[in-house]
Amino acid sequence: MGETKRIGILTSGGDCAGLNAVIRAVVFRAIGTYGWKVLGISKATQGLMSRPPEFVPLDIEKVDRLLTAGGTVLGTTNKGNPFAFPMADGQLVDRAQEIIDGYHLLGLDAIIGIGGDGSMAILRRLAQQGGLNLVTIPKTIDNDVDITECSIGFDTAVNTATEALDRLHFTAASHSRVMILEVMGRDAGHIAISAGIAGGADVILIPEIPYTIANICGKLRERQEQGKDYSLVIVSEAVRTETGESISSTDPSGQFRYGGIGQYLANQIAVCSGAETRVTVLGHVQRGGTPSPLDRLLASAFGVAAVDLIAEGHYDRMVGWRDRQVISVPIAQAIAHYCVVDPNSTLAKTARGLGIYLGD
Amino acid sequence: MGETKRIGILTSGGDCAGLNAVIRAVVFRAIGTYGWKVLGISKATQGLMSRPPEFVPLDIEKVDRLLTAGGTVLGTTNKGNPFAFPMADGQLVDRAQEIIDGYHLLGLDAIIGIGGDGSMAILRRLAQQGGLNLVTIPKTIDNDVDITECSIGFDTAVNTATEALDRLHFTAASHSRVMILEVMGRDAGHIAISAGIAGGADVILIPEIPYTIANICGKLRERQEQGKDYSLVIVSEAVRTETGESISSTDPSGQFRYGGIGQYLANQIAVCSGAETRVTVLGHVQRGGTPSPLDRLLASAFGVAAVDLIAEGHYDRMVGWRDRQVISVPIAQAIAHYCVVDPNSTLAKTARGLGIYLGD
Amino acid sequence: MGETKRIGILTSGGDCAGLNAVIRAVVFRAIGTYGWKVLGISKATQGLMSRPPEFVPLDIEKVDRLLTAGGTVLGTTNKGNPFAFPMADGQLVDRAQEIIDGYHLLGLDAIIGIGGDGSMAILRRLAQQGGLNLVTIPKTIDNDVDITECSIGFDTAVNTATEALDRLHFTAASHSRVMILEVMGRDAGHIAISAGIAGGADVILIPEIPYTIANICGKLRERQEQGKDYSLVIVSEAVRTETGESISSTDPSGQFRYGGIGQYLANQIAVCSGAETRVTVLGHVQRGGTPSPLDRLLASAFGVAAVDLIAEGHYDRMVGWRDRQVISVPIAQAIAHYCVVDPNSTLAKTARGLGIYLGD
Amino acid sequence: MGETKRIGILTSGGDCAGLNAVIRAVVFRAIGTYGWKVLGISKATQGLMSRPPEFVPLDIEKVDRLLTAGGTVLGTTNKGNPFAFPMADGQLVDRAQEIIDGYHLLGLDAIIGIGGDGSMAILRRLAQQGGLNLVTIPKTIDNDVDITECSIGFDTAVNTATEALDRLHFTAASHSRVMILEVMGRDAGHIAISAGIAGGADVILIPEIPYTIANICGKLRERQEQGKDYSLVIVSEAVRTETGESISSTDPSGQFRYGGIGQYLANQIAVCSGAETRVTVLGHVQRGGTPSPLDRLLASAFGVAAVDLIAEGHYDRMVGWRDRQVISVPIAQAIAHYCVVDPNSTLAKTARGLGIYLGD
């Protein structure tokens, strides 16, 4: 099985369902098959920035129960680009070298980074600058990482959003209301379009396609004329109006602003349609929870494959999922483009084909 | 089985899971056993107010699939006390007699009203004034109807709120955050205390027990000293501070005000504890959804029993659940007191016994 | 808070959902409030029979994550009455004194036993004989413990069985089949009757009420005449035919015999009705799984209350649940009667009132 | 949108979750967009064999609530190859022409057939022989249709099987048992391998890879040496032993034989390992139930795309799913190969990489 290695693993960016299942698979493969050492780095790159570096030695016993556990036992953070790290005094400082030094202080042969688009770009820059042997695993509830069909956490988030629509359907119909469900997705509407189709929404609003309030209300009127006096609207947390105005429910740090897009729409729809409206902001329940079987499967496959890439000395690569197989590509290729909802994709055509209003 | 009767059934007030299962049981019993006629009145008492009265003749075929369906096929409304009904011009008009006349126009022998505390009081007043033969079935996600252990919809709402806490637990721990879940319950904290215990909350705030922000933060600090850098807070939509100030997330019509109690607490906790906070407002997903098995069981038992009361000529009574049996009591007795969380009840003791902060 | 105590806790008999939540609540209360020591005894009374006695010292950290975990971390067994314990050579030996000695060897001031009817009788006999300070907590998916409305594990088992009926409903209707679901309940039909009503079964067979195959087929024919060419049957694992013959799917050790009652019925129904039949034996999935919110609530309340009984020096008592409050009664009173389904209970009346065939 | 068409739709073979969602999507697209007529053919090709042909005219109102409903409102059957149809007297008769005539009697312009491998082969032969304009949609819980990544019903079946493993995990651990879960999959082990990885099985047995009982027991012993005294085994309904012996739990009609592979393994494992074993045969609960969001999404996309193929005059094609897009291929290409689990696929490697025993 070749020489014994010492590898690190970290989770970066917003948490999601399936991270722990990746950690379990990495440990099972690296220790169970290869007999390596695995260090769990605490709180993303901040664990490497600390002195001494903060980590937990991982073993099979510690990760055995993690398959179904949401979140990440390593902790994570989406604060702080290490190349412009916000200090207590408000200054932005380049702390990249501290992280690189942390990697070498721990004597790591390689590191597996689980993160989204942004995290992978940062990790790759660190790896290039500091000689880190890096393999990455895509995770994001927004599913906006390119190349791979799915990233970890997306399927679970879609399930949660769909279940919320299922519930709202009944209460909307009982009270003849327009129910608005606001879901995550600042830059890509994958959750909204997938859950919207699966949950039977009448209107789906996503960042990629501008909408007009007049056409939303036209759709609601069309339903009323068919004898349906209630409707379901699903909206991404940030969308654009016809005038190009961008409306977002979150500030750049991800903190929700109530009275955001969901409430804004509720007010506008109430005015133009005369309907009673109610808003639900699903928030962080989309991130947590037991991972879906598909997310556990992806997590297991990605974890094993990432360790195998290290065993073969293939670095600077991201694993991905395509056609029910794991693939791997250069990280640079994966982060070159941001994967948004294509207005001519199957899902967009499906939504329109079902008569759903998806913007103009 | 005695003479053939013609009975009405209506659902009143906010919808919840299990209403359709009651309708199904009533139809199965009244038609299947007794051979009666059953009229489903549309939109609570408004169906009786319309001319001609609005209703759907119900039969076994129509209700056969309703056991698992959330909401109410009859529609409902929580707008408009008929004794002071808001007209288009803003005037409040007593329209009780129109409803009474509607009942007699339909030639009803009796009516089953499914509603909460307030609806039952109104229905009883109508029955007294107009000679309606009334039997009521308690439903409310808030579980604030007295005498009965459970009302329809409560168990499902607690399940939904508990599941949300389960999900938030993981993401709170991953990000070292204080997560705040705002649930329904304007006047009674049954959902919050039940889901809070079942979902492992660290702080439970309910309308019945005032809290101090200092003691909340004391609890969070106590956890930090034990190495737990995250916490879960569940809060009813309306609570009282130590100064007696009442804070509510809904206006009297039930419309959510974002920036309500959840956000208010998040801001205060962030200041006093320095922790990162996030708020989820669960909203109407608590009402909808497939009813839990327990809610379906209650609904079935209540529906059969209500029809049997009519068969026996016992009116002005509410069915209830106690010690795994259906009971019935005079409606007046059921609505004499409003059932809130007793600060010395088992659940309150359990919460405190587990170290949960439940107010002062 | 009085003197410091040293208490044991054990889980006995078949496992179920909620046992871990009890263990957590006991530790939170005993250590968190009273500052006692808590010893988790391994594998029911067998841990006390071992030399040295087998146990795990419990603390808050160890039990913190147990609220949602199914099963029991202490392990359990339903093999071996200690008063007639089966030895390797097949002999039955009275080993009660070894258990009693184990209790005293550990220096226990009291012990909390979580078990069903049979376990509580054995534990009480041990306590009487050996001077053990015993408090018991009722658990059984069969819900056959008297006095208490619910025992731990029952609600979750009913949920699992109901969900299986929900699933079978669709496939039965699609294929015009009679689907038979066999559930647990050797001596009491509480799971079958509760899940049967909640899941919309057409036939419910329980140990308490004999059935005739002719009347089952009469019910199926009645449905066919109403245009319903499919049916759902739920059956307890042991039932009696009209001739008094008892048919059971399990041998006394709880091992399933395939070709048991479910398959027996399937064959008979196929012959008398000509319908296509399929059997599902739900088996141990009824025991496992994340406890329902209600089971977690009961578990938490029971755990806190059991510790409080010890704090007050009240022994030889079982905690129970009635009217949303914890009660406690002498163990002798709780085990005096076995709680079966009363053929005149609300649930039996409800089943018949809905037109379900429940035996003769 | 071109001329008005009159199309048929039928569901063939064993039912699964998502069929109704396809029917809904077809109706929404064909009627809502194109203004066509849609006839729902009853009970697969048997509806076309009847005289007059049996069908239901479908409209948007009738299918509106079908998104979340399991099974198929059209009914289905997996009895009777029309080219050798079993008559009441036991003779096999070629009734293909009757079906072809039925299609023409109804004046259909095209027909959408939802089925698996076998159904599609039969439908294509009928179409070739009788000039039917056919488009097919792949469905099978076994996921053994080639070309497409997923067929309808597979994701839901995997979820159900995984959830069962999750439940069995707890009870296995509590009782130190080996739990055996038998799942569907007569010729392909996709459910077993997917659910086995996602649900944390220790042993996965599938039809594609022979096993030896000695190596199963070796794996169990390896776990015992690591201090794990329980194990989970998932097994497809038909597997092969090392001697090439084939063991199946179902006869060719799909009827379960209890005492099949699950029980056979339980006995063998009990002997060779000395462990207590228990078997759960999941059976038809894998078919039923509310479709998962992914199955609803696929169903919606396939339904819309199939109608669009007809609109474009593209017949003799199957729609499929690849890289998050709908594709279409000649039916002949899709049924040329049967898609089994490749022993060198990602999932097989993942299973072995996690230390799971997957056969030899």
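In this document, chain identifiers A, B, C and D correspond to the written order of the chains, with residue numbering beginning at 1 in each.
In this text, a residue touches a chain if its C-beta (ideal position, glycine included) is under 8 Å from a C-beta of that chain, and two chains touch if they have at least 3 such contacts.
Keep in mind the model is a prediction, meaning the values are calculated, not measured.
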Query = Quick one: which chain's Cα centre is the longest way from chain A's?
reply = C
Query = Counting in whole Å, what is the centre-to-centre distance of chain B and chain D, each centre being its mean C-alpha position?
reply = 41
Remark   = Between the Cα centroids of chain A and chain D the separation in whole angstrom comes to 30
Key: Whole-Å gap between the CA centroids of chain A and chain B   = 35
Note = chain C touches at least 2 other chains through residues 166
Query = Does the chain-touch network form a line, ring, star, complete graph or other?
reply = ring
Key: Chains grouped in pairs wherever the two touch, ordered by label   = A-B, A-D, B-C, C-D
Inquiry  = Going by the contact rule set out above, which residues of chain B touch chain C in the complex?
reply    = 25, 28-29, 32-33, 60, 67-68, 149, 155, 158-159, 162-163, 166, 194-195, 197-200, 226, 292-294, 296-297, 300-301, 304-305, 307-308, 322-326, 345-347, 349-350, 353-355
Remark   = Listed in rising order, chain C residues that touch chain D in their complex are 11, 14-15, 17, 19, 69-72, 75-77, 160, 163-164, 166-176, 179, 255-256, 258-260, 263, 278-285, 287-290
